[in-house]
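We just call them A, B, C, D, E and F in the order they show up, numbering each chain from 1.
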Amino acid sequence: MADSPQITVTRRLLFNAAHRVHNPALSDEENQRLFGKCNNPNWHGHNYTLDVSVRGTVDPRTGYVIDLSVLKRIVQDRVVERVDHRNFNLDVDFMKGVIPTSENIVVGMWRELAPAVQPGTLVKLVLWETSNNYVEYTGE
Amino acid sequence: MADSPQITVTRRLLFNAAHRVHNPALSDEENQRLFGKCNNPNWHGHNYTLDVSVRGTVDPRTGYVIDLSVLKRIVQDRVVERVDHRNFNLDVDFMKGVIPTSENIVVGMWRELAPAVQPGTLVKLVLWETSNNYVEYTGE
Amino acid sequence: MADSPQITVTRRLLFNAAHRVHNPALSDEENQRLFGKCNNPNWHGHNYTLDVSVRGTVDPRTGYVIDLSVLKRIVQDRVVERVDHRNFNLDVDFMKGVIPTSENIVVGMWRELAPAVQPGTLVKLVLWETSNNYVEYTGE
Amino acid sequence: MADSPQITVTRRLLFNAAHRVHNPALSDEENQRLFGKCNNPNWHGHNYTLDVSVRGTVDPRTGYVIDLSVLKRIVQDRVVERVDHRNFNLDVDFMKGVIPTSENIVVGMWRELAPAVQPGTLVKLVLWETSNNYVEYTGE
Amino acid sequence: MADSPQITVTRRLLFNAAHRVHNPALSDEENQRLFGKCNNPNWHGHNYTLDVSVRGTVDPRTGYVIDLSVLKRIVQDRVVERVDHRNFNLDVDFMKGVIPTSENIVVGMWRELAPAVQPGTLVKLVLWETSNNYVEYTGE
Amino acid sequence: MADSPQITVTRRLLFNAAHRVHNPALSDEENQRLFGKCNNPNWHGHNYTLDVSVRGTVDPRTGYVIDLSVLKRIVQDRVVERVDHRNFNLDVDFMKGVIPTSENIVVGMWRELAPAVQPGTLVKLVLWETSNNYVEYTGE
């Protein structure tokens, strides 16, 4: 056990959004074949759950790695308010030019959050799309 | 305790859909004022959870009020396949002419399911829109 | 609002058991046709969740309808210890002669618990068999 | 199915609080005997979950029984902000003179909320103290 | 952040099964002493939750590491259909000769799944036996 | 896949406690500014969830890394019984001299548990303070 323990703290946030899994470079038939009902042209949507994990040492003055109300505010400002009750294909600037799968969403969010979560280091994002599937990204 | 106990059995099903809370009889400004971010013209969406409750006596031959695999099939055919990965405003015939709030969705689903869940009687639908809110309807 | 409010308190308990949905009065073929994979002769099992609800007025001396540690003890002694890590078809005396569906289990448990939950009145049992289905019984 | 369906809508809110189950009219020994570890003089606490259920007809202009953001604001102002991160024995005026069990908390909250949830009628409060126990009150 | 981000995607599946924790090389007394109620000769059972995690780069044509409907089908065919509503001691060929604890189940499932989850690499299996305990295996 | 697979087993336990996030070396004003409502002098509390993860090889005699009933007993004796229904600031000896944030609690618990979880090695503690935030410690 180290002198300055490294702790990972996680804040969970929720948001709701619409999307369509669609590759505009492919034909409609190919999109339908690849993505099935997820390709519905009239969209569908999800209640997403996002877990943001920050690692660092404990500040002896506060007992915190990072104040979770500060972390919540960063995540709200940087990603949640830009995607909540929005359409990932049409409304979200950091998703321009990529298919809005959970894989691509989590990478886009990493780019927005990694520079901003001081003190501490962003070490993991987990994005649940439904209660049966989720993606994780650790910056590698 | 009665001779023929009345039991309520519930089957939970999940689906994902897009919607926009919008009243076409009102101006855009009035819609925005009434519904806020839920009125986003580019839609948003949810992972809905639907609990379908059927009441009846226990068939001594099977020990069931209703075979849950039969109930699941009825609910899949009658409502889930018509709304899953769809848009409540554009794609769902039983929602034509009403604002697709959870209140109106659950009433629309009741109309589709109530005549179909034999044996037993449909006694409650619960529809969760997010993990923080749900509506119930008992046919009254 | 009444002078002596009627409150319902619920204690949740968990147990694990094996069962086979099988009617010994029917042929093997008929059992297979009626119950499918639930009829597997080598059994299957579940993590059951049982919610026991007791209603009554609040004792001003304790602020309780019923002390939940007392209620837990009653439910442990009367039902959980007789079914936990057991086989509903072979090991549970109060299930003798009935098919061990959730419907019949909850009625059997009601018989064991209703006389025992003083002070207060047993008003509901809810038994979850999986995270997707449950049964309720209110004594009617 | 009625012409003006009656729907129940529920909003879930969370709060954290400390309490001690203690009857000041009794001796320390009697309190210890009655309440065990829940009587710890240095307090303990919980993450409470409160479900507030309001019943009414659907307003055809909005599709809502009650706007859930309005209901959330009412519950925040009337009860959550008065109890969150507080001590039920020392800090909460509507709990003065009663033992802060879940039974008494839910009755106190009912008094604060029932006059305030227009449109619609408060029909049920459910208060989870832990993931294993909860109380319900319907105003009777 | 790498040019070709490595993402881990997880699909959750549920199944129900019976088992008995029993070492046939030991006496009945020794089995009873070691395993207690988990050694019940008439079996008991669980609702298992299995999380299958696959890691890889994102295919720019689909936005996917692996299509989750393909992953679901692989897991259904390779493990779930062989264990669901079955008895781990009697019915499951890949468990022959080992005690059906969660530790051994997850290793057995790894052997079945690791060669099959292309594109991507199987990086973790998590198996929940109850809501209070789970095991993880990463192939090491 | 190794000859002696390394498996991680996790046991989840729950407890309830009060605390106040407060640094006695700072002024009341500074504490209030740093910690906000978490600094309430009359305390607040939480239902904590603790996941204890132990890694090791599988004992061929039992099929276990560690008997989970043994692990549960160790965690109960070493940490849960010392914190459950207690006050982290006043009642818990292993928290003397540190601010009782989740970060410091999980490090304190690691010190108590790491030497005790034989067979196997303590590899992770996860402590949920609410359903929206948790901390992890792996001994580094």
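As a convention for this text, a residue touches a chain if its C-beta (ideal position, glycine included) is under 8 Å from a C-beta of that chain, and two chains touch if they have at least 3 such contacts.
As the structure is a prediction and not an experimental result, all values here were calculated from the model.
Engineer: In the touch network of chains, how many steps separate chain A from chain E on the shortest route?
Structural biologist: Tracing touching chains, the least step count from chain A to chain E comes to 1.
Engineer: Could you tell me which chains make contact with chain A and chain B both?
Structural biologist: none
Engineer: Taking the mean of the CA coordinates per chain, how far is chain B from chain C in Å?
Structural biologist: 27
Engineer: Roughly how far is chain A from chain D, going centre to centre by Cα mean, in whole Å?
Structural biologist: 33
Engineer: Taking the mean of the C-alpha atoms as each chain's centre, how many Å separate chain A from chain C?
Structural biologist: Taking the average C-alpha coordinate of chain A and of chain C, the gap between them is 41 Å.
Engineer: Show the residues in chain C shared as contacts by 2 or more other chains, in ascending order.
Structural biologist: Residues 131 of chain C touch two or more partner chains.
Engineer: Taking the top-of-page definition of touch, could you list the pairs of chains it picks out?
Structural biologist: Per the contact definition above, the touching pairs are A-B, A-E, A-F, B-C, B-D, C-D, C-E, D-F, E-F.
Engineer: Sort out for me which residues of chain E touch chain A in the complex.
Structural biologist: For this pair, the touching residues of chain E are 1-2, 5-13, 53, 58, 61-65, 67-69.
Engineer: Any idea which chain D residues touch chain F in the complex?
Structural biologist: For chain D paired with chain F, touching residues are 14, 16-19, 37-38, 40, 42-47, 84-87, 90-91, 130-131.
Engineer: Would you mind writing out the residues of chain E in touch with chain F in their complex?
Structural biologist: Within the complex, chain E touches chain F at residues 21, 23, 26, 34-36, 98-104, 106-107, 110-111, 114, 131-140.
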